[in-house]
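Each structure below appears as structure tokens.
Look for chain A in each of the two complexes below; its partner is chain B in the first and chain C in the second.
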Partner chain A sequence: MSKRRPYVRSMDGWWRKNPFFVEYMIHEGTALFVAAYAGVLLAGLFRLSQGEAAWNAWLAALTNPWYIAFHLAALLALSYHTYTWFKIMPRTMPPVVVGGERLPGWVITAGGLAVAAAACLGLLALVWGMAR
Partner chain B sequence: MKAPLKRSNAPIFWALFGAGGMLSALLGPMLVFITGLAVPLGLLLPADTMSYPKMLAFAQNFIGKGFIFAIIALFLWHAAHRIFHSLHDIGIHAGTGAKLLCYGSAMLGTLIAAYALLAIGF
Partner chain C sequence: MSDMQKTIEIEVLRYHPEKDKEPHRQVFEVPFTDDMSVLQGVQYIKDYLDGSLSFRWSCRMAICGSCGMMINGIPNLSCQTFLRDYYPARVRVEALAHFPIERDLVINMEGFIEKLESIQPYIIPKEERTLAQGEYLQTPEQLNAYEQFSSCINCLLCYAACPQFGLNSSFIGPAATALLHRYNVDSRDGGKAERMELINSEEGVFNCTAVGYCSEVCPKHVDPANAVNQNKTNSAADYFLRFLAPKGGAK
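== the complex of A and B ==
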């Protein structure tokens, strides 16, 4: 055993000291809501496979205020995920060259957000059309 | 002679992360709104939007089945990958155990979803 006890700087709460990393941790943290929401859907799917009574029980459980609060938080988290996903996209995808010029990052971000908005509205319209 | 380079399995997990991230970025907020808020609270959509006959018919349809499977499985793989890679940031050493736990739960969820969709029938 070495007798040396070199000083090792603590890394506790390192990300709280810099707003950039706070934002990073929040956008990584949206994954917890994505996972939890997928879990809710998976439970629903499983209940659907068990028959009508099981499905209706799951549907009734969703009206519980705790579930409503969870889904409100999940809506915020997933919207933030959408925003950061496309904000980061210029750096995660290969450069797009249009007419010899590199496409600016904000165009990719704005384009992605516009597509996401269209996809969301399209989904709502589709569900509305199928349900009525 | 040198042994051939071991192929990494990272691209598979990364592709699933990317696909799930894209799908949840495009449709996630509206899905949460529809299934978690609009239907339970009776907002905007017809009251029987997610009634048993409608959801059963949707889950028995090929496109519906594929949609449900893609949403659940890819959301899980996206989250598993992101959580796994964030463990280091919160001071947890991300070893084989953590990898098995993260990707293992995504795999388990995927298998349960596949089982339920097959049990629902066509």
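== the complex of A and C ==
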């Protein structure tokens, strides 16, 4: 009879066992804020469709300190999500070859972050211009 | 001349299937010099302290891929990890995570060998060629397309770094996918359609949630996460293309 008895270790609490996994879980967790914020925007759109009074009520509700705190938390979470998203991006796409040389990963990450920052600033400027 | 002999504590996760119900820790006091690798520390234990300790090794130069272990919880080749980097703290060594332990630091890698076979890790020629037609020619760009993925030494550190493989051992996983990709993007190969069926399957690339740690620990810079994620795109293309070209694409 075989003496072999391979032992399978438990995966319980796997994500706590390595700092890399903890970071991964935080990254995945911040996606909940992305979803929540999409919900907030959709609610606004819905209120807009109901007419001016509903829209103004929604705007007033947004000035609630709890809502402002949520926005700050969401800003932090989304910034972190954006950062980690672009950090992993070079690993998820086909190689980009420029002039016979493969573009290093950090260039792709930096490029993505720059585009994200430019898009945010552009949107902010647009909204700023419309609000004035 | 020689000052006091330095010693370091090495904690090993032991498991002997004949007598142990489950693995347990054992600490050894090992004399060491600054040029000693963790593998040499473990070899010292086997030679002088406890001959029953089992582990795999061969080349001692990070090329055979047999000495992978969890060292302080991180998958690494024990022959390229040095005791001096842990001193004076204790070093913990354990069999590679996510694989069944056969005995002490030896894992059961049968599952991986089956996966390796299943990807057909050889060139499947596009068409029959006679000797008279001569050798295949390849441009440097064609070589570049797959070279990085051909550097894999089957050390399995990437599997020990992949929680999705730990949760579902039927996932084909990083190294096997990297090798599969290596043949699929080789200009001499014509086996892509067959291999894509594996990529698209339940065991395929969509088990991956882009944790990315596999590429982080790979000692040969294969970047298996890149092979897996490129094939998510390929798989999606395969899926949609079959609506356009009913004869081609995935089944």
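The definition used in the following text is that the second predicted complex is superposed on the first by the 122 of 132 C-alpha atoms of A that agree within 3 Å, B and C clash if a C-alpha of one lies under 4 Å from a C-alpha of the other, contacts with A are read in each partner's own complex, and residues count from 1 in each chain.
We take it that a contact is a pair of C-beta atoms (placed from the backbone, for glycine too) under 8 Å apart; a residue touches a chain by one contact, two chains touch by 3 or more.
Everything numeric in this text was worked out from a predicted model, so none of it was measured.
K.L.:
So, does A:P104 touch the first partner chain B, the second partner chain C, both, or neither?
P.N.:
neither
K.L.:
After lining up the shared chain so the two structures overlap, which partner does A:R91 touch, if you call chain B first and chain C second: first, second, both or neither?
P.N.:
A:R91 contacts chain C only, not chain B.
K.L.:
Now for A:M11: first (chain B), second (chain C), both, or neither, which partner does it touch?
P.N.:
Both partners.
K.L.:
Tell me the contact category for A:H71 with respect to chain B and chain C: first, second, both or neither.
P.N.:
It touches chain B, and chain C stays clear.
K.L.:
In the overlay, work out which of chain B or chain C sits against more residues of chain A.
P.N.:
Touching more residues of chain A than the other partner does is B.
K.L.:
Across the two complexes, find the residues of chain A that touch chain B and also touch chain C.
P.N.:
11, 15, 28
K.L.:
List the residues on chain A that touch chain C in their complex, please.
P.N.:
Against chain C, the touching part of chain A is residues 3-9, 11, 14-15, 17-18, 20-21, 24, 28, 88, 90-94, 97, 100, 102.
K.L.:
Name, in rising order, each residue of chain C that touches chain A in their complex.
P.N.:
Residues 15, 17-18, 22-23, 73-74, 97-98, 100-102, 108, 141, 144, 163, 166-167, 209-213, 215-216, 223, 225-226, 229-230, 232-233 of chain C touch chain A in their complex.
K.L.:
Please output the residues of chain B touching chain A within their complex, sorted ascending.
P.N.:
Within the complex, chain B contacts chain A at residues 20-22, 24-37, 39-41, 44-46, 48-50, 52, 54-56, 58-59, 68, 71-72, 75-76, 78-80, 82-83, 85-86, 89, 91, 109, 112-113, 115-117, 119-120.
K.L.:
Inside the complex, what are the residues of chain A that reach chain B?
P.N.:
It is residues 11-12, 15, 25, 28-29, 31-32, 34-35, 37-42, 44-46, 48-49, 52, 55-56, 59, 62-63, 67-68, 70-72, 74-75, 78-79, 81-82, 85-86, 112, 115-116, 119-121, 123-124, 127-128, 130-132 of chain A that touch chain B.
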